[in-house]
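Everything on this sheet refers to the single structure shown next.
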Amino acid sequence: MSHNIKRGVSLYSYQEEVFLGKLDLESAIAASASFGANGIEIIPEQTFDNFPNLTDEQVEQWFALHAKYGTVPTAYDMFIDLKRRADRLMTLEEGVESVHRDIDLAARLGTKVIRVIINTPPEVYEHAAPYAEEKGIKLALEIHAPMRYDHRWVQQFLEIIHRVNSPALGLLPDMGTFVKIFPRVVSDRALRDGATPKLVDHIIKVYNDHPTDMHTLTREIAWRGGNPVDMALATTAAGYNWVEPSTLIPHMPYLFHIQAKFYEMVDDTHEYSIPYDEIIPVLIDNGYDGYLSSEYEGNRHIQDVEPVDSVEQVRRQHAMFVTLLGEAD
Amino acid sequence: MSHNIKRGVSLYSYQEEVFLGKLDLESAIAASASFGANGIEIIPEQTFDNFPNLTDEQVEQWFALHAKYGTVPTAYDMFIDLKRRADRLMTLEEGVESVHRDIDLAARLGTKVIRVIINTPPEVYEHAAPYAEEKGIKLALEIHAPMRYDHRWVQQFLEIIHRVNSPALGLLPDMGTFVKIFPRVVSDRALRDGATPKLVDHIIKVYNDHPTDMHTLTREIAWRGGNPVDMALATTAAGYNWVEPSTLIPHMPYLFHIQAKFYEMVDDTHEYSIPYDEIIPVLIDNGYDGYLSSEYEGNRHIQDVEPVDSVEQVRRQHAMFVTLLGEAD
Amino acid sequence: MFDRYIIVDGSLRNVGDGNPTGYAIDTRIGYYRGLGLSMVDFDLEVDGEAVPKESITFQVHGHDYPADSLGDVLDDRWGFNEAATLIVDHPGGLPAGEHEVHYRQWLRISYLPTPSQNDDRKVMSVAG
Amino acid sequence: MFDRYIIVDGSLRNVGDGNPTGYAIDTRIGYYRGLGLSMVDFDLEVDGEAVPKESITFQVHGHDYPADSLGDVLDDRWGFNEAATLIVDHPGGLPAGEHEVHYRQWLRISYLPTPSQNDDRKVMSVAG
């Protein structure tokens, strides 16, 4: 079946090497281009230490790099610092102002989609729509685990999207909502940190059954004699989520971008916990035409035992995408 | 329909007045007898400061009080201090020894049922069975919210009960597994402690819908701008539970005793959150023939604004039981 | 569940005749049953200053225990109906007048994933 | 996510020529983006002793802030790629040799219910 799904990468994926000075913006873009991840998603607050005061030179350099490597800007990951002040939350006006700032910066950086972080107040999202529409920018709410598509919190945004019916309002699914198998890099790290092997096995088994009583798991692990590392792992498990990929179908008209979260590419064909071979056919069959933007999150779980090689991990994910998208045919 | 359900009370109900010196063992028993709560459940570690070294005089006085007021001992609430030592958990042997101690004391106190607290290791429960059987004591695992009857932790005990098939092994449902409506005394206390009214309303509404994603509620409340009191209330909500009363039916042959948990008797006919009018018919229709033993737990939620009147609360619950059990007919 | 009651109201007093050797308060267990002493821990502040554990004796039904070694006491319990006295070694005692006492208690309840915490704060007077 | 890297290894040194006025270390933000300074808090221990907040200056891209007033700084950020220097006022500096530095950082991340905590501990040498 023909499709128009494009491949890309979020610079989030390379955070370890960028932090350690092993990669800079140019080498990160160059590496991505080398395996065809041509759509570049950026976290301006990570890339630019002088955020939000980007200079014209920085913006010119950004476009120059895309010209040099044949890549294009895709999404802009925004944050909203509601707790900027210790004594009170941002007001609605301050929240809208923060999003307007991001819309302006997104326009300068040529990113057509803004990833709206999930803790954004729905009323801020709605009030920012007119300016986004005026600037030709799309505000895409990130659906992030453990929240499900039918969750009360997410429903508030869906109600706005359907009611306002603006071309600027839509969604950005993070594929972390499709963690079918507990990530092995996470449980292995817990074992190295002192978790109890039989309780780790139990947590994995419980998670993989996707029960409806995840709120009891930490208590259960305590009763089974769990130590603090075991209990922390149980709490972590309640932060992952699995729903059937078909859950995406009713939302297809509103999907502006996808963050292809992953924890461990075992080889060029297989992510350990997220079944992309079940997800991608749903995207193809239902006409998704945006990016699959790699979001590697394994680094923090392996950095204690091995040098993190984020580029290799992203390369493997793209090798898998090439196959699943039929680009090899 | 005829039945053989008996009424009683756990002395747990009177903890506030006993702590404050307003009730002692005799006045607590006398009050209970006055409204026909004739089966007395005891927490020896609450009633006897010299636990576990009860003197013969104390035991004689216990029976003398029952003779005087026409009451009978029912259940003995045991605890197992697995974390007695900071550096390690109790071993299996120590655990069994602890339960044997309780079996001996239960035999002295004439309580035929021991409430086995839910964090008891299943292997301890199983290993203690022969001695309990020898002494004519029943070990009844308390099924306590938020654990459900089909929960992995509870299933371990059901497997033992079915496999060992000893008359000493069974269950003790705490009616806190049937909290259909969020207890108002709990949310009102949170409001007095500084919770945000609209978030409290939201938590109540979510709880009353009995969703399958209770593990996300604290996070959701944080995103809605919750303060620490709001977040604590969200966490508390995940500790309550509702399942259909019919859930009890398959376990009926193993029900040795019931703790009739309650938070607030609004009047003589109605508990605010637990629908006894739905529960008691199930017990009658399926031949339950043990005690309904009041377990009042509202005290801690109202003690900041009004004097706690546990006796009146228990009296009202028994007025309701009289009606629902058809004793008034 | 008994936070508000764990400092016995009005119990603050100097101890030692004539020339006080310290002061004392009475405390209660903030749980609905007694507990073995090895599962009890606490700290005490008077007028905003932490009282060193080494200077406190925990006294219950006539037995004295150094407060910093309660964790080792496997053969005694603090009953539900018992007040335990904290006797602080503080030559001269407290000056007459009002003092704020802040008492926090941690109980290692096997049923719970983390220790149960109780917290009480009371202003009490020491006689002149 | 970057706990193990938030103290810049080998960065402990005395400051001030000849007669040191104190010492300094370089620190990094333990998060995957920069953050406004009002959302950053930390504490520092050297050789097991807490370093008073009042004696610390937080320096980032050439700007100096008293460490105990970071919470008020609404117009500056700590970048993802930036080291911030903690300059401790400590006349005479640290003695030559090895010192253990324990640095904890709390970041008030709006997305999370409670502050994100980072914790790093490194033994570093001060030249004689």
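Going in written order, the chains are labelled A, B, C and D, and every chain counts its residues from 1.
We adopt the following convention: a contact is a pair of C-beta atoms (placed from the backbone, for glycine too) under 8 Å apart; a residue touches a chain by one contact, two chains touch by 3 or more.
Remember, predicted model here, so these are calculated numbers, not experimental data.
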| item | value |
| --- | --- |
| Identity of the chain that, by mean CA position, is farthest from subunit A | C |
| Subunit B and subunit C, separation of their C-alpha mean positions in angstrom | 30 |
| Subunit A and subunit B: spacing of chain centres that average the CA atoms, whole Å | 45 |
| Whole-Å separation of chain centres (CA-atom averages), subunit C against subunit D | 38 |
| Contacts with 2+ other chains: residues of subunit C | none |
| In subunit B, residues with contacts to at least two other chains | 82, 118-119, 219, 222 |
| Chain-chain contacts as defined at top | A-B, A-C, A-D, B-C, B-D |
| Parts of subunit B lying in touch with subunit C, wherever the complex brings them together | 12, 15, 18-21, 43, 45-51, 79-86, 117-119, 299-300, 303-304 |
| List of subunit B residues in touch with subunit A within their complex | 82, 89, 118-119, 121, 146-148, 151-153, 206, 212-216, 219-220, 222-223, 225, 238 |
| List of subunit C residues in touch with subunit A within their complex | 112-113 |
| Subunit D-facing residues of subunit B, complex | 218-219, 222, 226, 231 |
| In the complex with subunit A, residue positions of subunit D that touch it | 1-2, 4-5, 28, 32-36, 38-39, 61, 71, 74, 77, 79-82, 108-111 |
